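The following pair of complexes shares a single chain, subunit A, combined with subunit B in the former and subunit C in the latter.
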Partner chain A sequence: MALFELDRSQYPEAKADGSLDIDLASGKYLKLWQGPQHPGITGNMSVELTVCGDEVVEGRTHVGYLHRGFEKLMERRTFIQCFPIVCRICVPEPDFNEYCYAAAVEELAGLEVPERAHWIRTLILEMGRINSYMMYLGGQAGSFGMGVIGQWATYVRDLMLDRFEEMTGARIYHMFILPGGVRDGLPEGFAVRMEETLREVERALKDINDVMYCNAVFKKRTVGVGVITPEMIEPYGVTGPNARAAGVAKDVRKDQPYLVYPELDFEPVTGSVSDIYTRADVRRRDVHVSIDLIRQILQKMPKDGPVMTRLPNVLNWKIPEGETYIRGECSRGEYGYYLVTDGSGYPRRVNVRGPSYTHAMALLEKLIVNANISDVAGLMVSLHTYPPEIER
Partner chain B sequence: MKDLTDRLGTLFSLGDITEKRDDLAFVSVAPDLLRAVITHLRDVEGFTHLVLLTAVDWIEGGQFQLTYLVHNRTRARDIGLRVFIDREEATMAGIHDLWPTAATYQRELKEMFGIDFPGSPRIDEEFILEGWTDIPPYRRDFDTKKYAEETYFHRPGRETFDPATHMKDKLYPGEAS
Partner chain C sequence: MTVQDVLSPFTAWKNLFRDPVTVRDPLTERPGAARYRGFHKNDVAECIGCGTCEAICQNAAIDMVPVDGIETKEGDSGLRPQIDYGRCCWCALCVDVCMTGSLTMSNEYTWIDSDPDAFRFVPGVDHKSWDDAELGYHRPDGHRLTPPERIVMREMDPERRIGNFEEIVDGYSVEEARAEAERCVACGLCVATCPAHMSIPDYIATIREGDYEAGLKLLYETNPFSQVCGRVCTHKCETVCAVHHEGDPIAIRWLKRHITDQVDRDRYVDIIGRPAGETGHKVAVVGAGPAGLTAAFDLARMGHAVTVFEARKHAGGMTRYGIPEYRLPYDALDADVDVIRAMGVDIKCDTPIGDKVTMTGLEKDFDTVLVAIGLHLGRSTRIPGSDHPKVAKAVDLLRAITDGETIDVPKTAVVIGGGNVAMDIARSLARLQKQIHGEVGMTVTALEDFSHFLADPEEVKESFEEGIEIFDARGPREVLVDEVGNVTGLKTWKVVSIFDDKGRFAPTYDEGDERIHVGTMVIEAIGQAADVALLGEALTEKLEWNRGRITVDADGRTSEPWLWAAGDCVNGPDVVHAVADGHRVAASMDAVLKAKELS
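Right after this comes the complex of A and B.
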């Protein structure tokens, strides 16, 4: 079998429409499917790779393995019936769906939410952010062969799930943030137990930093790989840590503050070059920011007061005609809900805008070209994408 | 937002304007003006981030509403452009040359609503649905209940027991309750 030299003359020519002229019969190129059943894939999606030797010349993202038609389902359900559905759109960080949906309904229905509910919502979103980053850290380390980091991160995530469980009664899908407020206040002694959990998170982060971020192999494999340039950010709709790693301080929490973020003291974490390493580092530092925010929230939040406003009869709840868009900064970037109502008891249209929609499709397909096959998994995980946001 | 909509109004013929919040407005524009307005917003007004592109099916009026939501990060505000197109001849010019990510949205709209964007990359390629032969499923006239009844079958269900009766029958069979 002939060996391929890394020679650009081997690469396919572009056709008039911009697509590549790939002749598989020439023997120069090979099709490889990474996913949907593959350890180096994020969730239920796959990437169709065309390789020349061990270099990728084209990558195409395929989704559809998880389509449950949430947006369509919601058009046939009353506003309150939609509330337990939305969290299921994203498993690792479900609370953003609850918040965005609730805030959109509240705006169109003209509901005022009690102040304490805003604090509890912010607390939940920051707890969820830590959980989501922990899942990411496990995946990112795993894609470079460091399986033990995933176990440490899962342990810490499990402790945070304990806090979720005592607060909401559920570990994954909390169904706690609903239109009008939140279901309950904090349990007795919650702040003390949360502080213990936060210390465990900090301890684990230190270990992860020593073993993963200071690891020469990890650095060699990730520095300078999969770079998102600042010029790519707006055309490709890049948001969140992927953009911030490139030095662009895009953070909805600062740019368009919502909930109680204006009352909290923090600065968005940024990097200098958005390669795999810097993106991972931005997320690690972002966990520290979330830890600090949780401490501030628990210190500053009102200790008592209502957490839920009085809703109209939810069985016959009609919301006036209108449309709105609500956004927030989740662990992966901008998360938003576009809600259209027509005066009936059902949403006319709900559109979920998840950051993975742009990151896992157009951006990944751009970055994957010229990558080495062995870097594809690491590159994909470094964008921190969850396929359910693409196929809602 | 009023300053922006006023400026736009002097340059283009706009339809309904809805100022939703201080940082969010929706403006209706004619399909043939969309490209000029959105390019102006991107290049002159600083709305460089395409937040989303989606459709709403107003079946009663025989129209699709396309919503192009763009964001200006410096001024922290959004504007949604509403474009109404005929439901029977659902075709619209693409904006994938302005934002490469728009190609994905347009591909999804073609599959889910049957709205065509001629010339958009891979527009006829299956996006989420594989081997779909019915009408585009996100249209309002697609009957999800009917589809589910014709495509799937009811599971007979498991045998269930009322715990109290079950334990009594198990522990004391034959005894009158």
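Right after this comes the complex of A and C.
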């Protein structure tokens, strides 16, 4: 397969910092801003493109449009007051924030979480993964002009949001996983309705496969474009499907199992060449894995028992001095929370490690060079990045 | 690339024949799920305005506001939560933390209004269409953000404690006290209810911080009888505690005691602070009980010269002579009295008003005088046989036990009364019986049934544990005396009702349900009266009276401009009320004395 590598001898040599000495006055080059609102990304982020004709010579990423200061806000809120905030850090897949924060607090406060709560947490995270992928599929197809896929994916995502709503009481920001467990058990008849939803997801996936993946135009536009080589994985901090598509089976669920993943039967999905097409394909297959995991969870999980441990008075809650890093495998790769406590009633420091931080900035700047300008949006979507988690 | 890759996308056309999947809002109703976190509801009758919802809200979306028609009362601040939907993030922590469970959410989620201020409302007061919605988020069973169970107070087991007068409760350890203090939600309802308005959440916070000296300072700002109240206070604060609604109230009394236990008594005066400079005014206080000594403490700290006249051997009044040592050890009481003395109060014990010192003399020698003489006269049932020498008054016996007098302890005795004094004498005599006769033979008969009992529930429980028999709803009819003149027991009838239609005391009995309680001694514990004879005839004549009690105004001032009265003899009914009375009188006296300086 031919990689997307063009002759760059016509462009100036890169300087030590990697930038090019471009003479805009020459008329050969054009500065082009893509963003901060554009179809290539979920959220707001700009790419400053330097193009020559329709070829990208250089791309510089600009973030900051979504900075809300969550990490700092949390230093001024009690441990329980941080709980409603964290989900807002990443809009499309909020539950990982809830899980990582809760697990970090539980570790430092020495809380034992009931068994059933672990199963429900895992269930929520897998449901969230499917939804996140659905949002991706819509974006990936849309970036190549296939709007209908986005409508189908949104419909399926909405069905899953119905399940979220009946379980957690909310559709987007669930605020259900809190330190000590989860708010409540599953509602009556949940498994039956979830099975119906999963069948709808499978049906939609088949349609999407027929229309998008088995589509000559999509293949033509994506195969061999924006390749992440296995050598780039470590230096660029690539995780999740972006890495797995290159054949590197990185998956926190397997590498450092958490929650009830050790009791579930699954294999990480991998590909051979991490181009746009393969990354999309890995994500499609990953949805099937999540569907299977949800079925396993609903079958194996304890049907009764507590879902919440006894908390101290949360209004006076102080956590002993300590620090921890909690990680999990979200739809985009490794998601992590670094929490430092100093014995007071407030976090001393919270740092959120979203996979988009590396994927949307350094990695994109590397991959975007030599891309055709019409492929930039598709390339950006293919890295599946969410600016909200870059700027906490 | 295959031919299929060219043809496959055309399968999308099959969707042309499918029904749309979208909901046509608002034509199609789409109710929220059963757990949906929609608009708030509040059962304002259940809500106590404790403000924990306001405290936990991380968006500051909740303000506690006064509401028309809801008055401030004991256990209810009268405020209700106002929620600003411009700030609310629907996390429902307010619902989770609500101490009464009154705050819930409906499954309603659409609300259209052209007035932006409409979205700041008081649920349950500003009526909304979703007020009656059954569905919506309610705190799940067992999901609590505050621990409902109290840290258990360790105490001596009944078999061991019945043989001595040692204090029953051990007191909390530092760890236990901290854990109990953690449970407090600092709503402040207790402060409003405490007669002395002690700053309870603040001193509980000092336990969490481990800053006991700060805690002690806070205690003595409002209560010079903190060691006493830390043991025997009737703790009205705990009955209004917000945690009490769905759990055990915070052990406020034991936490107060814990602070006093943790500070070295030599440090007390330094921490509490020395009195102000002398004003030159002289104040006399008659009676060294909690009311008199609290007033003396305050007045001395204001710089007035205070002399207290006490008829008995020791200071303390009813706290010493009415409360048994196993509930209030004398050294704890002495420590509080020592603090008061250290403020410069001159306490003259064994100095009754009457012969050497008279009220007329006090009027002449002092600028103002306070009478706080307590209730030391026992009342009689006046039933047949109650004039027998073996029929005693509880207060007299308790005083004799406190003074270490030798009393003839009967093998069996019957107490008439269902209040705390009845329990005190029954339990004190039971201890003496155990020491002298080797077994307990005490019976208590009370007019009230157990559901309306006057004594504290823990007194009743501990009495049972100590082998005391308690018969509720029994009316005393006759003290039985045999042919040689010895008391043999008490005859009672079953009580049908205690009060008449108008609420007046008029007990009725079921004569067919008669019971004989065996005992060679009968003790009456049905109430006390003040011994006002010490006032002298002339002063008694001049003062205004109301049903046997001196009439006082809201500041404790009598109809005589130089004389105030406080404590049980005018108000009752317990230590902390007496302390509150003492504060009130001291402030009033100080104002009058300062006014004198200006005139």
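A few notes on this one:
The working rule: the second predicted complex is superposed on the first by the 377 of 392 C-alpha atoms of A that agree within 3 Å, B and C clash if a C-alpha of one lies under 4 Å from a C-alpha of the other, contacts with A are read in each partner's own complex, and residues count from 1 in each chain.
Here is the rule we go by: contacts are C-beta pairs under 8 Å (C-beta built on N, C-alpha and C of every residue); 3 or more make two chains touch, one makes a residue touch a chain.
If you're wondering where the values come from, they're calculated on a predicted model, not measured in any experiment.
When the two structures are aligned on the shared chain, A:85 is found in touch with subunit C, with no touch to subunit B. In the superposition on chain A, A:349 contacts subunit B only, with no contact to subunit C.
Using the contact criterion defined above for the overlaid structures, shared-chain residue A:338 touches subunit B, although it does not reach subunit C.
Of the two partner chains, subunit B is the only one touched by A:250; subunit C is not. In the overlay built on the shared chain, the residue A:357 is in contact with subunit B alone; subunit C does not reach it. By the document's definition of touching, neither partner reaches A:321: not subunit B, not subunit C. By the document's definition of touching, of the two partners only subunit B reaches A:236; subunit C does not. Residue overlap on subunit A between the subunit B contacts of one complex and the subunit C contacts of the other is empty. Only residues 77-78, 80-85, 88, 148, 155, 162, 165-170, 173, 175, 183-185, 187, 207, 210-212, 214-217, 219-220, 306, 308, 310-316 of subunit A touch subunit C when the two sit together in their complex.
On the side of subunit B, the complex with subunit A involves touching residues 18, 20-21, 23-24, 26, 48-52, 54-57, 67, 69, 73, 76, 78, 80, 99-101, 103-104, 121, 126-130, 137-138, 140, 142, 144.
For subunit C in complex with subunit A, the residues that touch the partner chain are 1, 4-6, 8-9, 11-12, 15, 21, 32-37, 52, 55-56, 58, 89-93, 96-97, 105, 137, 140, 142-147, 182-186, 208.
Taken in their complex, subunit A has these residues touching subunit B: 17-19, 63-64, 67, 69, 71-73, 75-76, 107, 234-237, 239, 250, 255-256, 322-325, 327, 334, 336, 338, 340, 348-349, 351, 353, 357-358, 361-363, 366, 391.
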